[in-house]
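Below you'll find a set of structures to go through.
First chain A sits with chain B, and in the next complex the same chain sits with chain C.
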Partner chain A sequence: MVVSILGSQIIGIIPLGDIVFYMTSFNLFMFAAALAFTFIIAISKTETQVEAEFGSLGDREIKVAKKEFKFRRFLAIICGLATAGAMVTGDIFDFTLFVCLIGIVNIGIVGAVKQIDVLDSAFQYGLIAMIASTPLFVGASLILAATGTISILAINSLTYTTPMMLFGSILLFLGVAGETGVAPFFATKAEMFRTPGSPFLLIIHLSSLLVIVRVIEILLIINKPF
Partner chain B sequence: MKSIGRIWNSLANPDRIPRLYALVLGIVLIAGFLIPIGLNDHQLYPRPEPQLQINAQDPLAPYDRGGVTFEQRGIVKAQYPQYLPAIGEITAYLSPIAMGVSGTTLYYGTSIYSSPGGLIDEILYYTRGFDTVLESSILMMAFVIASFIALNFTMRRDD
Partner chain C sequence: MNLMLNILLNVIIAFLIGTILIGLQRKIMARIQGRPGPPIIQHLLHTLKFFIKESAFPKTAAMPFYVAITAMLFVIWVAAVIDGPVTEGSLLLIFAIYTIQKIGEHNAGSSSGSPYGKMSCVRAVYSAAAEVPLFAVLIIIYLKAGTMNISSIINYQSIHGPLLFTIPLAAIMFFVLILSKSQYSPFAITKGKDIVSGYETEHFGLLRGYLMISESIAWYMLLWVFLTVFIGPLSLPAYLIGMVVLSTIVAFINAVTPILNPNHSVMMQVSLAFIGIAGSIVLLMI
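Presenting the complex of A and B:
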């Protein structure tokens, strides 16, 4: 089967019923990167933050307790697997579900910390992630209504673009922007990174980075600007 | 110039971000009323007219897809039928309790009996089965996080 998506050849597909995972060299690379990073996180230990005490020579170490460490490692692994799945999925509704899973797990990774400032900003991020599930699924359903299908491979072979598809993809992008917390909505996530436990926090960054790249690819496939 | 800097600074406050997001979303949704509605007639998962099966006094009302279990395939469409060799074969299956209940009431299809043991929605469990797996794992993660936070109050109580 010689089909090309955005100029790159499809190497292979994994059919799970109507949900078909497809692999091009582009998203296969992102899939491998997400899996490799997840593996590194699974075998690594957390950092320890050192705070200097004022007026003396002593230091104060902020360590992560073992119970909290295990919980955050579990959620970080789930987040990495969801990111890897979102990279190769060939179905828009499936993609939105992966993004939703990433959003809720991101809240959990910082929900286990013991700093009130961080918990406050995690709460605000949780509010955005919940609001963002509305445009996320509305966008996917509008694309389904406008094209009659939500398989990316089938949408790729369509020749037309309607205003409703454009509106659906704007809503999809807004939903992903809210779930992953990109540029104008970044302040909540920036506060969340101030807690100890570095490698688990980095998966929050990596997942939003990869998901944004992937959603731009999907929007290019839907709207065909070239 | 100074006012632009003030706007950027106000974006650094996490409390204002959900409001900003809600505002942007509201503007986009209101702008959506201006978009001409262009629906595609060849939908992937077609449905009958909303009240058609109810007016026909069908007890399985919105979910009747026809067919006989393992003998005659029901009406289930799929994007890739080549990957679904057994599509439509069990969509007419009713458990013994479900048969009894559907004989007594006209509203069986919308009652609690119909799911999950009674009527098997093949689009949910076979055609798009991976979505169901993901949905339940999202729910499970939400419960995991909520129970962890409820069991270990993750706040410094002495602060």
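Presenting the complex of A and C:
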């Protein structure tokens, strides 16, 4: 049977017990992009930030210490894998778990940095991410309550949208926006990017953007306007 | 036609037309400002020149990440050409490609260790928060046409007429996105001259060449998406005329407006995106 999602044909389904991954060209591209970036992060060194020294003509170099480097690289790889998983999962509950994991490791990636501004920013982002986990899971629960399933493929075959599904979708979107720190919450997160460790910062930004694109796909599947 | 040949041909066309349009834009801007301006082929010549220049690598760079990011940026825009003009596939995929190119801007800047690149990186994070909602205006197209497949959207328009007239706010918002990606635009905060060349500052030789090719293909693709999803089935000459007209309008705007402060730039784009999405939904419900 040919199944299409938002006009794109499903290329394949990987059933792992209750967990079902599905792939359209869109999901496959984002999955491959997340894995490719994760691989590059895993093999890269960090940059050395060069800043002008105050009161002299010298330069100041800011490097990432080896211990900190190992810790942040590990979390960045976990974040990359969680992002890749969130791109292909066919299960709303799994998606919310992946998003939560991304939020936690994002804080961890900058949590090891010894810069007060960056830590303040990470703390504020952490508060928002924690608060956002409530609407995230409540949204997924309401969608389950309204449809009787958390399978995106099963919801795709439904021909109706109820007000409860719409309400659940709004909560899900708010949860994802808070967890990933996008607008209007981006102000708390942008300061985190001032720290050195370019490859690790990439995954923080990449995970946020890819998850937002994926949640838009999920919300369009749940809410059918016609 | 053979698929590989089709892809190669479309990538070359995207690069050549994109680079000439960027040159045209600079020429028009210069004439408006009372300067003779560079030749229209200047951007093309610059791009080719970088491929025969020596490639230097900063000793502070995050290797091999610093090199890989330019290749990734090039690859994702080639993917956009494949999904767009070649196969007329998913509009959602082009949205994904657009978000990933923000990663390219972000990390091309931060991977060198330069303070200018770092500033551009932070600005890329800010601008992503504004540009992604603008691109999300394409959801309105789904609400109207009932599909995210580009060929189906073209078919829809051939029956019901151009979407430009039925969802004009969405078209305006997408135009603002195009404007924000153009050189010297009021929203081009990642490449403001106050930070030299932004994220491109520390990329030299071959790497800079790839960044410039990506820039040309990106410009072509944004114009192609606008013309395809808002005007509909067009012939090749009509595409060319449409792209020249859009580039000219952008050049007029850029020639007479200064670059905005990053915070103002982001807030203005987010406000426009909100007006675009909310206004379009209201228009659809009426």
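As a working rule, the second predicted complex is superposed on the first by the 224 of 226 C-alpha atoms of A that agree within 3 Å, B and C clash if a C-alpha of one lies under 4 Å from a C-alpha of the other, contacts with A are read in each partner's own complex, and residues count from 1 in each chain.
Methods note: contacts are C-beta pairs under 8 Å (C-beta built on N, C-alpha and C of every residue); 3 or more make two chains touch, one makes a residue touch a chain.
For clarity, every value in this text was computed on a predicted model and none was experimentally measured.
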| item | value |
| --- | --- |
| First (chain B), second (chain C), both or neither touched by A:167 | first |
| Chain B versus chain C as contact partner of A:101, first or second or both or neither | first |
| Between chain B and chain C, more extensive residue contact with chain A | B |
| Chain B versus chain C as contact partner of A:8, first or second or both or neither | second |
| First, second, both or neither for A:88, with chain B first and chain C second | neither |
| First (chain B), second (chain C), both or neither touched by A:198 | second |
| First, second, both or neither for A:76, with chain B first and chain C second | neither |
| Residues of chain A contacting chain B in one complex and chain C in the other | 184, 190 |
| Chain C residues within the chain A interface of the complex | 59-66, 68-69, 72, 76, 79, 83, 89-90, 92-93, 95-97, 99-100, 102-103, 106-107, 110-115, 118, 121-122, 125-126, 128-130, 132-133, 136, 139, 142-143, 146-149, 152, 270 |
| List of chain B residues in touch with chain A within their complex | 11-18, 20-22, 24-25, 28-29, 32, 35-44, 78-80, 83-84, 126-131, 134-135, 137-138, 141-142, 144-145, 148-149, 152, 154-156, 159 |
| Residues of chain A defined as touching chain C within the complex | 6-8, 24-26, 29-30, 33, 36-37, 40-41, 43-52, 61, 182-184, 186, 189-190, 193-194, 196, 198-199, 201-202, 205-206, 209-210, 212-213, 216-217, 220, 225-226 |
| Residue ranges of chain A in contact with chain B within the complex | 15-20, 67-68, 71, 75, 78, 93-94, 97-98, 100-101, 104-105, 107-108, 111-116, 119-121, 124-125, 127-128, 131-132, 134-135, 144-151, 154, 162-164, 166-167, 170-171, 174, 178, 184-185, 187-188, 190-191 |
